[in-house]
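We call the chains A, B, C and D, going by the order they appear; numbering starts again at 1 in every chain.
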Amino acid sequence: MAERMGFFTDTSVCIGCKACEVACKEWNDVPDDGFLFRATSYDNTGGLGADTWRHVAFVEQFTRQGDSWLMASDVCKHCTHAACLDVCPTGALFRTEFDTVVVQPDVCNGCGYCVPACPYGVIDRRRDDGRAWKCTMCYDRLRGGLEPACAKACPTDSIQFGPLEELRARAGERLDTLHGAGVAEARLYGESPADGVGGDGAFFLLLDEPEVYGLPPDPVVTTRDLPRMWAFAGTAALSMAAAVALSFARRA
Amino acid sequence: MAREEAVVPKAEFRSYYGRPVIKAPIWHEPHMPLYLFLGGVSGASSMLGAGARLSGRHRLALSAEVTAALSAAAGAGLLVAELGRPERFLNMLRVFKLTSPMSVGSWILAAHSGMTGLAAGSAVTGLLPRLGTAAFAGGGVTGPLMATYTAVLVADTAVPAWHEGHRELPFLFAGSALASAGAAVMLATPPGEAGPARRAALIGATLETAAGHLMEHRLGMLAEPYREGPAGRTMRAARLLTVTGGALAALAEAAAVPSPRPRRPARARFSPLRPAPRAARPPSVPAVLRGMPAVLRELPAVLRGMPAQAVLGGVSALALAAGAVCTRFAVLRAGRASAEDPKYTVVPQRERVSARESPDPTPGPVPR
Amino acid sequence: MGLGGWIARWPVYRQLTGADGRGAAARSARTDALRPRTAEADHVARSVCPFCAVGCGQLVYVKDGRVTQIEGDPDSPISRGRLCPKGSASKQLVTRPDRPSTVLYRRPHGTEWESLDLDTAMDMIADRVVATRRETWQQTFDGMVVRRTLGIASLGGATLDNEENYLMKKLYTAMGAVQIENQARI
Amino acid sequence: MAECHPVGFQWVMEAKARGAEVFHIDPRYTRTSAMADAHLPIRAGSDIVLLGALIHHVLAGEHDFREYVLAYTNAATIVSEDFRDTEDLDGLFSGFDPATRTYDPASWAYEAGGDVSGAMSEGEHAAQARLHADSARSDQYGSGGATAHHRARTDPTLRHPRCVYQVLKRHFARYTPEMVEELCGIPRADFRRLAEAVVANSGRERTTAWVYSVGWTQHTVGVQYIRAASILQLLLGNVGRPGGGILALRGHASIQGSTDIPTLFSILPGYLPMPDARMHGDLDGYLAHAAGDTGFWGNKRAYMVSLLKAWWGDAATEDNDYCFGYLPSVTGDHGTYATVLGQIDGTVKGYFVVGENPAIGSAGGKAQRLGLAGLEWLVVRDMTLVETATFWKDGPELETGEMRTEDIATEVFFLPAASHVEKEGTFTQTQRLLQWREKALDPTGDRRSDLWFYHHLGKRIRRRLSEDDVDRPLRDLTWDYPESGPHDDPSAEAVLREINGTGPDGRALSGYTELRPDGSTTCGCWIYCGVYADEVNQAARRRPGGEQSPVALEWGWAWPANRRILYNRASADPEGRPWSERKAYIRWDRDQREWTGPDVPDFERDKPPDYRPPEGATAQAAIGGADPFIMQSDGKGWLYVPAGLADGPLPAHYEPHESPVANSLYGTRANPARREYRRPETPYNSARFPYVITTYRLTEHHTAGGMSRTLPYLAELQPEMFCEVSPELAAEVGLVNGGWATIVTSRSAIEARVLVSPRIRPLRVQGRTIHQVGVPYHWGWAGGGVVTGDAANDLMPIVLDPNVYIQESKAATCDLLPGRRPHGRALLDLIEEYRRG
């Protein structure tokens, strides 16, 4: 396997231009996501979904402490322990040689299981198409030695692409720089291999709590509990068997 | 329930314009809940069938097997219809993944529907008896898996009300499966031979009710989706129906004359062409009513003269089946509701983070 | 593919032979064949973004007579390969299916568009220019020689090439039209 | 800048990462503000107060870069005693004629020095200035001539009460932080932070750059906004130095090119003026008034004759004035808004609209459409079916009953255009860099480039000519570009080569210094001369940025002469040494006796710093070795403009034409010289309109939307016309976030979705709250767009800056109503009611 590749999205330099959203769509032929004025700052695509693989969140915070307009480009996290991949029954989702998680559209049968499995609400089924779609980290481009379309387009290098270990180091330095500059609220999100998904292949530098950006504060891959679930289910199954046996037992 | 709600603190949390953090399950109504229901019916029925076969209750076995086969087939049909690309349903067998309850379930369903189909086919036609017997046995094994894997299926998601319910959901589904399978077999079997089905239904109803209560009790704030809104209404209907159905099943069972122990034929051979021996004539409704609490004596006059077991069993079966269907709808709706409100995702996670990061009970981390 | 081949590609079989069901075993043939479509381009044109005036470099990939991708030119010292959302949408600008491709004509007082041959349209426009110019020619104005027409005007966008602006100004000026304006005034 | 030039903004982010402090001054808190160290919300239309206060801060504290100011600006020059400032005349400068509402700039002149031989008589002076002002060409006036001569009297001590420095000091004395607070709505503390940062980041070791866009130009005092910034930057020594400057971020791919090679009524290629029948006459007469005799404009005959030779080739000879008489003459305002009124009045019969959408994109939308309906024929060339092409079919005036399709006599030709990848040619971007685009593929169907269109139209017109004199300019025109390809496309390289020009040997010239006044050279645009040097398309150079210095001289080609920073001689001190090593750029190499550095020196390479022009020298020879501003007749940066502006030698704050605020500074409320058109089609607002409205662009869209509303990928990002209002204003009017608002002016009423945001902050101005309404202008009713909406420009007035005739789109007044607007007759009734009120 090649080196693990990832995204580091440094939202402290995101200017909210949405080039990532468009570049992604142009490369991946993602259809438009509808034309809905949402009156949620400058965000009119709402969130990640089958037809939006990069999504820029806009958070207006005008308080006595100061004014800020947070912008952050969200994307599939390409989890180390990816629930979507774990639960996919067809093998449409698979882990690539770059340690990214990708849907094979020629395999996916649209069972929809990955959709509620994702702790970040990333993957979704496309209505008219019936299959599940999400960011592929431009798998085809990676195979040709190119960087993903979003990272390439990003005017301010808010989206950085590269070997994950390198990105983690760079992110750590950036965090130190910001903390040194008094930006106490800066924090990394998804960079730790110790988190509930084993660390994200696409992680972030945020300037507020993750839920402010629509991200879960402590995501856990659901399949972490799967052995226990099977155990409970097994017990329930045995209980059933016992109940049936009991039902056939001769009455006293 | 009201008491429990009172102890749940009012959730204070931050979110992105109130938008959900996770995606709600896209599975449709009625496809998904009916599949869950039918899977349960089929699984539990095949167990009843196996039990009946082992205990020589051929009529019961026939009903159970046919029920199991039909509901497996119908369930599989619904499952295929639920797919975004139904023509690709065979891709379900492209891989085998223990990490995917749906993959495991697909293999179970494939095996189970194959075996119940074979068993029922053999039972109905009398052809391929050995294969039929093997299939019977196999169905008895896949049955409980069939009935409970669906609980893992829903629990193995990021949907808070499902995932956090992963301990009780298998029991809820198991109970519901037993209740509904018992109910289905009761309906398809002469009352005199349906005793085990009734008993199974009764146990199932009890288990379902108990597991549901337990789950809601344990889930705390996450029980809200099971109690509020459309999911809550459906859940209450499910409870009512199940409890009623269970009670009626108990009544019916109480009214039942023990059937003579069926004689095991020298070679187990079962055919509708050779019906099982008729059970002794059950007591009439007035006879039953004499031993019943006063309230039940008020039963409508139309019931008079009908076999009490048949009426009670029928009503009970319908109630139980409806209850089981409602349970599945309620679970789906509760899951969806819990996914659509970011509160259920954020608050528990935030509490987890707080507990981990500081002894300070106030939510919210100290920025680094 | 024969049965054997089919089985060999069956992921479950590959799982049994040791491949990871969440990785290698699950790959389809299509996936194995994936390459960036830019690698298959017949040629790549070095271009410049048509939106704002930053002048970001673009690479235009063409395959079988169609634009298959437009993205930033990393060699550009101005843009370093980056593009904004508008620049990133350039392919759609060029390839969108509803982009008009034929001449449309509306006759005076007409209520609908009519189609018109390009050649005919060009001749008709030339006729009108010549006629209007003659009709509105001002040799003098207030006694001063002006040699112009105020009957023909032009308003150009600012995505016109320099060469285009040059021919426009040259032709208009030679024909005596002075109300020649563009977006820069706006 | 992050909003409209996101990729350019990467360099601001780079600068920020290196410690640059970024201030954003804008009525709205935008994506730029989000990245800035400070955002200063300002009332639209009050920028001169802010800039004036900064100038005042610099002068009062003597923070100016004195050596630079003394050596490179006209600070020491003494102004005529006839000059009266706004201080003296309550907001007017001397020379104002209330009848014509124009200035006679004679009194603004420098005090005459020893040689005034070339001076005009005063009457001549005033008439000339007026004629220039009358054709949006004040800049042409006085850029040479006696009044701005390099030998005016000076006082290097800067103590003379009439020296420019003292004039400035007096003029800006009332531009105080208190006034900033009162008029701009910027608190004093915020102003102080800005002023201190600007001063601290200027001087020998540091520079400050100002970046602006149409937020500064689309005003009735737009040119003076830029002038104010120029004064500040010259005082601080921030011009001609790396990291300095006043940077115009232009909004379109080649809008710079379209002024360099202008499709503009007032100028010819290379900023040569169009002949004006009222003053020019023949070539000599033209050249006498066209520009200065000293500085590089002194070569104007070479530039002009070479242009005429490029256009009329062998037909242009010395004997026939090089066909100068073939050029049509202007006699006043032929600008786009005057043209539209001419369409309404029936004088303009035919109209070419090429990649433009005035029905949506120009101010006074209704007047635009009435103009279109008044035409005999209309040719629209575009990549999409813009509203300008379809106004007769679906325009809003049909719904109100003001027009009926059957009544509209306009014959409309819509010709689909080739895209930027389907043709080759050059764009000139915002830093004057020409970049050649290769053609990726041929256009399909009837799509053609505009080069094809004009080339073939020209051929067809030339086939229809008579033998008479009227047609002679067209007959003699050089129009023989080689054709190739399936559509017989003319060669864009051949055109570019013609623009570059050729020498007596027929070879491409290397630079404008090779141009000759004797007809031996040709050149289609003198400032572009050199773009085809050595017969090589220099604009097509693509040496990767990573393989050359940051100045990247081998990427494309910048005019003039591939210089990347203009007037970069100023990056060195008068002796030619860098002001500081930290800010070193161009320096005089004593050993090699030449100017050297990472850029092409914007100076004669071998002119030593100690060069002093001899008596009577002309052109560049008249510019001293320590005078960096080589296009100026005196080589100096002008803090004070003795001639060349239509509305005063110094910037003065005037309120926008429509403003809810009185001018606290002067009795004169608005720019007295602003250009108004009092027409029923575009009336002006009364005092009934309480709110300030400002229009702008969004990152996700482009201008009137023809290139973005049509693209689903962009349209989905900003799918509906909206207005931005503060929570306070929303509460006052009863607007709800996500709901609808109706925005009313006396021109029209439009509806927009409401975006309530604290990013639009109500301002305290003159002790009361002033609300501003932000309106992007990307939407229109059709235009082939996947999203549609009302057009913001329908609201805006047609009132122009007197120097350049650009409309005031950035500040007007409006009223707001909750809910959607009425339709049909009811809409007209609503507007009528407001007009009466």
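Methods note: a contact is a pair of C-beta atoms (placed from the backbone, for glycine too) under 8 Å apart; a residue touches a chain by one contact, two chains touch by 3 or more.
Just so it is clear, the model here is predicted, and its values are computed rather than measured.
Student: Quick check for the class: compute each chain's Cα centroid; which one is farthest from the centroid of chain C?
Tutor: Result for the farthest chain: B.
Student: Based on C-beta pairs in contact, work out which chain pair has the most and send it over.
Tutor: Greatest number of C-beta pairs in contact occurs for C-D.
Student: Using the average of all C-alpha atoms in each chain as its centre, how far is it in Å between chain B and chain D?
Tutor: Chain centroid spacing, chain B to chain D, equals 75 Å.
Student: How many angstrom between the C-alpha centroids of chain D and chain A?
Tutor: 46
Student: Roughly how far is chain C from chain D, going centre to centre by Cα mean, in whole Å?
Tutor: Distance between chain centres, rounded to whole Å: 26 Å.
Student: Distance between chain A and chain C based on Cα centroids, please, to the nearest Å.
Tutor: Inter-chain centre distance comes to 34 Å.
Student: Among all residues of chain D, which ones touch two or more of the remaining chains?
Tutor: 6-7, 10, 699-700, 712-714, 717
Student: Which chain A residues sit where two or more other chains touch them?
Tutor: Residues 17-19, 21-22, 26, 38, 86, 91-92, 107, 155 of chain A touch two or more partner chains.
Student: Can you list the chain B residues in contact with two or more other chains?
Tutor: Residues 94-95, 97, 99.
Student: Once you've mapped the touching chain pairs, tell me: line, ring, star, complete or other?
Tutor: Contact pattern: none of line, ring, star or complete.
Student: In their shared complex, at which residues does chain C touch chain D?
Tutor: Per the stated touch rule, the residues are 43, 45-57, 60, 62, 65-67, 70, 74-80, 82-90, 92-94, 96, 98-113, 116, 118, 121-130, 132, 134-137, 139, 141-142, 144-186.
Student: In their shared complex, at which residues does chain A touch chain B?
Tutor: It is residues 38, 40, 43, 46-47, 49, 57, 59, 83, 86-92, 107-113, 115-126, 129-132, 175, 179, 184-187, 209, 211-219, 222-223, 225-226, 228-230, 232-241, 243-248, 250-251 of chain A that touch chain B.
Student: Quick one: which bits of chain B touch chain A in the complex? Just the residue numbers, please.
Tutor: For this pair, the touching residues of chain B are 13-17, 19-27, 43-44, 47-48, 50-52, 54-55, 57, 82-86, 88-89, 91-92, 94-95, 97, 99-103, 105-106, 143-145, 147-149, 151-153, 155-159, 162-163, 166-167, 169-171, 173-174, 177-178, 182, 195-197, 199-200, 203-204, 207, 258, 261, 335, 339, 342, 345-346, 349-350, 352-353, 364-365, 367-368.
Student: Tell me, which parts of chain C touch chain B in their complex?
Tutor: Going through chain C, the ones touching chain B are 10-12, 15, 21-22, 25-26.
Student: Mind listing the chain B positions that touch chain C in their complex?
Tutor: Going through chain B, the ones touching chain C are 93-97, 99.
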